[in-house]
């Protein structure tokens, strides 16, 4: 575990940054990632010229993966570090209320906390061939905590949210688009061009127009409250401490959780196998 | 009218039951059906091992049909019997808040109260070739009461809900999926396999994960309140007592309502004919 | 600027009217249009036999265009005339709460206030080949005011509303259907027949059924409050008075705003060009 940068910021212009997430070997979300995100949001909020940020991944197979579970409770000694359970809701609230527009460009797997991070972004565009979304928690005796249920309930409606949350399976970009939890599925070969053009377009508009637009949409469409997010995070913590969840976690670890290989690549299918045992 | 079982319960395992609805000749919803549903929900709530129930039909043409109108106000002398107008809202509330997940596997027509029953289930998967959904009430001088307006407003949005409620026409599974009021349309040949695999997957997960997931989705996405459902049911009762509704009902009866034949099979089209008279 | 009729009312029957909008050269929304709409809604509310009105356009290229900006603050001396900023919210409220069902049949461009008018109708059906929807305001240093944000947040969800509002680009009917802000995209050759058949079907049903259906859907799905609409209109007014918006407006005028030609026909693309300057 090092403190090297997991977020590589590419400043395309004063108004448009790309943030490239890179955390080998599995692009897991970990406390060091969270610390860097907290530093980033601080910078974003202070910058008066920035208008749009695009989150993408250096790993073609994983946009962003689940928690690095073993280190989940670590609070490292570095700028921005904070307890995930208590402070993730605050980060989501800041990102969704920021005057800067955030876009997740999803190629590869967005799983559990990684899916929830994508949902916390203002907009999502995904590769038709290479994006996969899953809230795997229910397959491991747990329950999603980081905001997934909040955003999916609003974007996909009750019945599809139940399918995603309780089924813990993979959903590709076409279904994600039909279910309404991404803006659009795009052919992989067009994804980069499309998102880049869209970001540059936004970057060329007046910041006060973008900010007013986002504020009013937030007011009308609603965003999950910090209290709702906080509550879900604590239900996750409570469910995770159950013997059943501990047992399921052991089985998943034995099956290959946390190691680059078949289990991590095909966890949607593999959780079905485990369930049938 | 007999008290033979209309609901045939097939216990695939302790965790997964299939409930097969069979009420010849037209699979109408009637007071005997409602009584059995009330007995079923009692059983479901008491069972600590059950995780998922799938509702399906023994009649390939009708998943579940409209009320057996002539008997609608009957309260039979049997376990679970209750007045539809006063107690349907309570049943919907219990089903949607139960820790058990409910799935409607829709093949054939889901009409009026039958459509509203499907909507009261947590999730819906439907046959691309053989499912049809209609709230026929407006075509008969009436208005939907059993929860259809509540669920459709949430799942399909105001404009599409207005089209379905006021247009009283048939919608196939593809449009149902696009409008968001079913989870997914599937080729008829894959429907059984898909739903069975999904139910077995859920049945293999921890009950406390499924329950927590459903509770939080319910809290975030919302479910119609018993009061809203009760109110709509009483508006239906009031509108139904109007001379126009009585007249429309007579015309529909003369045209073939309640008899297996063209009118019942193609009621969406036929109501358009009647309207044009 | 004349006071000739911009709204041509074709009474297909006592129950079904078509309203054809015609305001050459660009089908802009102007104070004279608004005055006629106010007279129309008064008539609609008083008529006890009317059940459905269909709004369409005499101009194949423009369903309804943005404000005639230069005249936006004019209050002409004619029946129904009223200040747009103060009274548009009241019109939207009356239309959406009227017992009569309103349908926008969209062929050609629906832009800014013209898009917002279409959204204020109860239902929308659009030509797959020839409809285009855009809230162009953010591309001109402004922000949508006339209800667009309110309706889109409810129908398309937060992330897609943000894309439409902040991106200020054109969306065709297929995406409009997928995003949920029109009922359905139809081949241009079927649009007239489809909408006419649907309107005649509604016109054949009992008015009390349609009215009860609409009232309950409104209660359950919600409609934007007059206060929310009023607030958004005033944010628009405030943002429009900024130097940046004034400057953007001058650039757009120089580029061809208000004149029939490339800029008006392809404003989605052109605003991207302007932005990149």
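Going by the order they are written in, the chains are A, B and C; count residues from 1 in each one.
Throughout what follows, contacts are C-beta pairs under 8 Å (C-beta built on N, C-alpha and C of every residue); 3 or more make two chains touch, one makes a residue touch a chain.
What you are looking at is a predicted structure, and each value in this text was computed from that prediction instead of being measured.
Novice: Given a C-alpha superposition of chain B onto chain C, how large is the rotation in degrees, taken in steps of 5?
Specialist: Rounded to 5 degrees, the superposing rotation is 120 degrees.
Novice: Looking only at residue numbers at the chain A/chain B interface, is the share used by both copies over half or under half? Answer same or different.
Specialist: Mostly different residues: under half of the interface numbers shared.
Novice: Go ahead and note the Å separation of the Cα centroids belonging to chain A and chain B.
Specialist: 36
Novice: Give me the residues of chain B that touch two or more other chains.
Specialist: 154, 178, 180
Novice: Which stretch or stretches of chain A touch chain C in the complex?
Specialist: 101, 122-124, 154-155, 177-178, 180, 182-184, 197-198, 200-206, 208-210, 212-214, 216-218, 220-223
Novice: Where on chain B does chain C make contact in their complex?
Specialist: Against chain C, chain B makes touches at 137-139, 141-144, 149-150, 152-154, 157-163, 165-169, 175, 178, 180, 224, 228, 232, 235, 239, 242, 244-245, 248, 272, 274-277.
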